[in-house]
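Order of writing sets the chain letters: A, B, C and D. Residues in each chain are counted from 1.
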Amino acid sequence: MPALLRRHLLLGLAATAVALHAASPSKAQAPASAGPPDPALVEDLVAANRILVDQGVVDGYGHVSARHPASAERYLMARSIAPELVTAADIMEYDLDSVPVDARGRGSYLERFIHGEIYRARPDVRAIVHNHSPSVIPFGVTGVPLRPLYHMSAFLAGGVPVFDIRQASGGMTDMLVRDAALGRALAGTLGAAPVALMRGHGAVVVGPSLPVVVFRSVYTEVNARLQAQALALGGTVTYLDPEEARRAEASITGTIGRPWELWKRKAQGR
Amino acid sequence: MPALLRRHLLLGLAATAVALHAASPSKAQAPASAGPPDPALVEDLVAANRILVDQGVVDGYGHVSARHPASAERYLMARSIAPELVTAADIMEYDLDSVPVDARGRGSYLERFIHGEIYRARPDVRAIVHNHSPSVIPFGVTGVPLRPLYHMSAFLAGGVPVFDIRQASGGMTDMLVRDAALGRALAGTLGAAPVALMRGHGAVVVGPSLPVVVFRSVYTEVNARLQAQALALGGTVTYLDPEEARRAEASITGTIGRPWELWKRKAQGR
Amino acid sequence: MPALLRRHLLLGLAATAVALHAASPSKAQAPASAGPPDPALVEDLVAANRILVDQGVVDGYGHVSARHPASAERYLMARSIAPELVTAADIMEYDLDSVPVDARGRGSYLERFIHGEIYRARPDVRAIVHNHSPSVIPFGVTGVPLRPLYHMSAFLAGGVPVFDIRQASGGMTDMLVRDAALGRALAGTLGAAPVALMRGHGAVVVGPSLPVVVFRSVYTEVNARLQAQALALGGTVTYLDPEEARRAEASITGTIGRPWELWKRKAQGR
Amino acid sequence: MPALLRRHLLLGLAATAVALHAASPSKAQAPASAGPPDPALVEDLVAANRILVDQGVVDGYGHVSARHPASAERYLMARSIAPELVTAADIMEYDLDSVPVDARGRGSYLERFIHGEIYRARPDVRAIVHNHSPSVIPFGVTGVPLRPLYHMSAFLAGGVPVFDIRQASGGMTDMLVRDAALGRALAGTLGAAPVALMRGHGAVVVGPSLPVVVFRSVYTEVNARLQAQALALGGTVTYLDPEEARRAEASITGTIGRPWELWKRKAQGR
C-alpha cells in the first residue's frame, strides 16, 4: 500500500464528519524543497522548542514552526518528538498541504495542518506555536474571555477567539486538528488575531517571527494565570484600554530581544 | 514466631472492622517464582518510579507495579522505599495474595493488596499506580466529580468512582488498604474504570502498560488542577462529550510514546 | 556593660506589655554544658534544616531544634543563620532559659524562647520547628480551622490552636516571641497539640524526634494547601473522623523512615 | 542628527499627553561622573539582579538601581539587559535626569526615569526596584488593597498606593514610564511609601539599601500571594495592627542580613 494512501486512511479515522477538500488532492510525489534553510533560523527553531518547555508553555506535547525564508509555500517544523528533545536533525520541511518534502522515515505531528493552513491564510505570519498552555485551558472551556490585564500581554487586546472543533466540524471528533479542513476552520476562527484558544485542547499563537511568537506564547500563559487570580480577588478588573494596548504592544515589541536573548542562552546552556 | 504469623499479627492492628477472608489463607511456604522478569520491563518499572516523582504525582510515598510478563498470577513492585530511590535491585515479585516470592529481608509496602487484588479482578490491567497525587485529593474529599476538560485526560470520561474506605469496611480504619479484603473492596469500586479516587487518601490508576499508567497518572493530576481552576473562573465548564472522549482517547493513546521517551530519558539522566 | 544586661536591654525593646518573669533571673555565668551531643543527632539536625528548605517549609527564616540527649534541660539549635546555610559548626547548646552555653560570639535567634519554653512545658517533646510555612499563614489570620483531610496529616485531628500574640501579651508587640513570657504563653496555647499556628506570623510544630517533627512540618504545609483547594471547589469537605485519624496517625508514624531517608539523602547530596 | 535630539524624538512617540518639563532641558554634553563606584556596591547590585530572578520577582524584565555613594545626584543601574544576565561590566552611571554618564553604545532601560525621579524626590532612598512581580499585578488592577498579613511584610502597613498612568498623564499612554514627567508623577503617587503598585504594569519598591529593597520586593510578592489565598479562604482577614506593624518592621529590619547572606551566596554560586 503506497504511503500516501496509508496516510489518508490513517487520517480518515477521525474524518467522519469532515469532508476531504479540493485543495488536498492525492499527489504522486513529495513536494519539491525550497532549499536548505538558514542555519541560524534552524538554531532559533530548536531554541524555541526548548524555551517553550523552560517557560511551562509546552510539556511532552506541542509544536512550533517557522515559515521557510526562501518560499512562502514551505514551512519548517520538527518531526513528531517531544519539544524538549528536538535537535537540528529533527527539523523537516513541509508544503502548505503539510506534506513533508523528505520524510526519510521520520514521523510527522498529527496536527501539522494547524501550521500549513494558517500559513496559507495569513501571509503576515512567519512562526506558529500550538500548545496546551496550562493556565489557558480553563479559559477555553468556560467562555470567560481572556483579556490583557497588563502591558506585557497587550497583544491580546483585539480579542481572543475560541475555536470549538465540534461546531467547526459539525459533529464529534477526536479533538485533533488532523486534516486540512479542520486546519482551515481553525485558521478561520483565528482570523487576524495573534492567538486563538481551542476548546478542550489548548491554543494556537502566531506572529511575524520566532522571538515574537515565543514571547506571545509565554505572556499569554502568564496573563491567563494573572487574570484568573485577579478575578478570584473580587472587585472589578481594569483591563488595558484598546488605545493603551495598541501603544503598549508597539513599545513592548521593540524590547522582545531582551528576554529572547536570555531564554535562548539558557535553552542552549542545557 | 514464623514470619507469616508475624505478618498477620502486624496487619491485624487495623483489622478490627475487616474480617480476614478465605482467599488469603496462611501458607507454609513462599509462592513459587514465575522466573526472572525481562530486564527491559524492570528498567521501565524503575523509570516509572522516578517519572512519577519528576511529574509531581508521588512524593516520598506511592508505588507502581507491573504484572509479571510470564505469569498473570505474579506482579513486580519495589520493596518499601521512597519511589525516587528505587533501583532494579529493589524490585520484588509477589503473588496475587501479595505475598513476596523471595523477600530476603526486604520490607513490603503495607498497601500492596491494592495491586494484588486489582490484578486478580482485572485481567486487562498490566500496570498499577497508587499515589497521593496532590490536585486529586480535594476531589476525593468533596464529592465534586473529576471530569475530563481536555483531550489529554479523555480517559476519565467514563466517570471516576470514589472509594470510601469507611463504607467499604463498615467502620473506622487507619485509612490504609492493608489487607486483601480492603483491596478487593477497592477493586470493586474501581470496576472497569482506569482511575478511582480514595477519599482522604489518594488515587489508584490502572492501565495496559507502564507507559499508559504513568501517562494516566500524570494527566489525572493535570486535569484535576485545571478543572479546579476552571471551576474557580465561574461560568459553565464544557467537558468533553463522551463521544469526543472516546475518539480522543483512542488517538492520544497512539502518541504516548512521545512523552514516555522524554520522561524516561530525563529520569535516567539523573 | 555585661553581655547579659545588654541582652535584657535588647529584649526590652519589645517588652513594654510583657513583664519579666521570675523564671528568667539575671545570671552571672553561662549555664553548664550537658556534654558534646551525639554526632549522629547533630547530623540529623543539620539535615533537618536543609530538608525544611527543600520542602518549602522555611525560607531564609525559621529554625529547628532538638532536645539534648544527655539532659532534658538543654537543647541544640543553630546560631542565627538562614537554615539552608547551617552546618555542624553552627549548632549551639542552650539551657531552657534559652541562654547559650558557649556562644563564642555566635548570635542567637531572637525567638529561641519558643524552643526553651516548649521544652520546659512538654517533657514528651524532643524536637521543635518554628516556620513561616506559606500555605499555613492564611489559616492563622482568618480563623478558618486547619483540619486533616487525608491520612498523611492525621496528626492534626486533635485541633490546631491559634496563638494570637496580641491577646497573649495584652497589647501590641513586634509579633516576635522574643522573651520567656511570650514563649510560655505560646506553650500554653499549644497545650498538648503537635502544631499551633501563630497569627500573622507562622507556626510551631513539635514532636518526639527530628524525623517526626520534619514530617509533621511538611504535611502541615501540604494539608493547608490541599484544604484551601478543597474549600475552593465548593461542596462539603469530609475530614478524617477522629477515630480514623487516631488509627491513621499510628500507622503512618511507622512509615516515616521512608521519606526521611529520601529527604536526608537529597539534603546531604547538595 | 545629534543623539540627544534622537532621544527626544524617540521618547516623543508616547509623549502625546505629557508635556516636556523644564527640569529636563536639552544638554550639549553627557553629565560628569561622580567617580568609580565602590566595587562592593557594584557586586551587590549585580547580586541583587540575580536574587530578584531567583525569588521570582523579575523575569526577563525589571531593573534595580542604587544611588551613587559619592553623589546624591547620580545612580547606578545595568544597561538594557535581562536581569539574570547582568554582570559588573553592564553597570552604568546616570544623572537624575536619567542621562547616562558614559553610554559607550550601551542601551538604557526605557523606564529609567522611574529611578531618576524617585531619587530626586526621595533623599532617603538609596535603592530602587521596578518589577512585574506576578502576585502583585492582580492587586494593581482590581483596587483590592494590598495589606500586610504577617510580620515579614510589616513595611506595607502605611498603605500601598496605586499609580494609574492614565490618570497621571491625562490620557492614553503605552503604559511605560518613559519620560521624566511620568517618573515625577509616579514619585508623587509613591509619596513617602516603600512600595507603589502600577496599574496594568507592576510595582516600584524603594529603600535605604540594596538588601532592604530586595527584601521588600521579595516579601511584597509573598504577601500578595498569601493575601489572595487568605481572601479566598473566606472569613475575615486580620491584618497587622499599625502599631504591631511599626514594631515588627523595626525588628525584622535588623534581621535582613540573614536572608541577604543566603540569597547572595546562592546568586553568586550560579
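Here, contacts are C-beta pairs under 8 Å (C-beta built on N, C-alpha and C of every residue); 3 or more make two chains touch, one makes a residue touch a chain.
None of the values given here were measured: they were computed from a predicted structure.
Colleague: Compute the distance, rounded to whole Å, between the mean C-alpha positions of subunit A and subunit C.
Modeller: 50
Colleague: What whole-number Å value describes the gap between the mean CA coordinates of subunit A and subunit B?
Modeller: 35
Colleague: Where does subunit C touch two or more other chains at once, residue-wise?
Modeller: Residue numbers touching two or more other chains: 232.
Colleague: Classify the inter-chain contact topology: is it line, ring, star, complete, or other?
Modeller: Topology of the interface graph: a ring, with each chain touching two neighbours.
Colleague: Judged by the touch rule stated earlier, which pairs of chains are there in contact?
Modeller: Those chain pairs which touch are A-B, A-D, B-C, C-D.
Colleague: Which residues, counting only subunit D, touch subunit A once they are in their complex?
Modeller: Within the complex, subunit D touches subunit A at residues 13-14, 59-61, 80-82, 84-85, 110, 132, 134-135, 137-144, 166, 172-176, 178, 199-202, 228, 231-232.
Colleague: Which subunit C residues qualify as touching subunit B in the complex?
Modeller: 149-152, 154, 222, 225-226, 229-230, 232-241, 243-244, 247-248, 250-251, 255, 258-259, 261-263, 265-266
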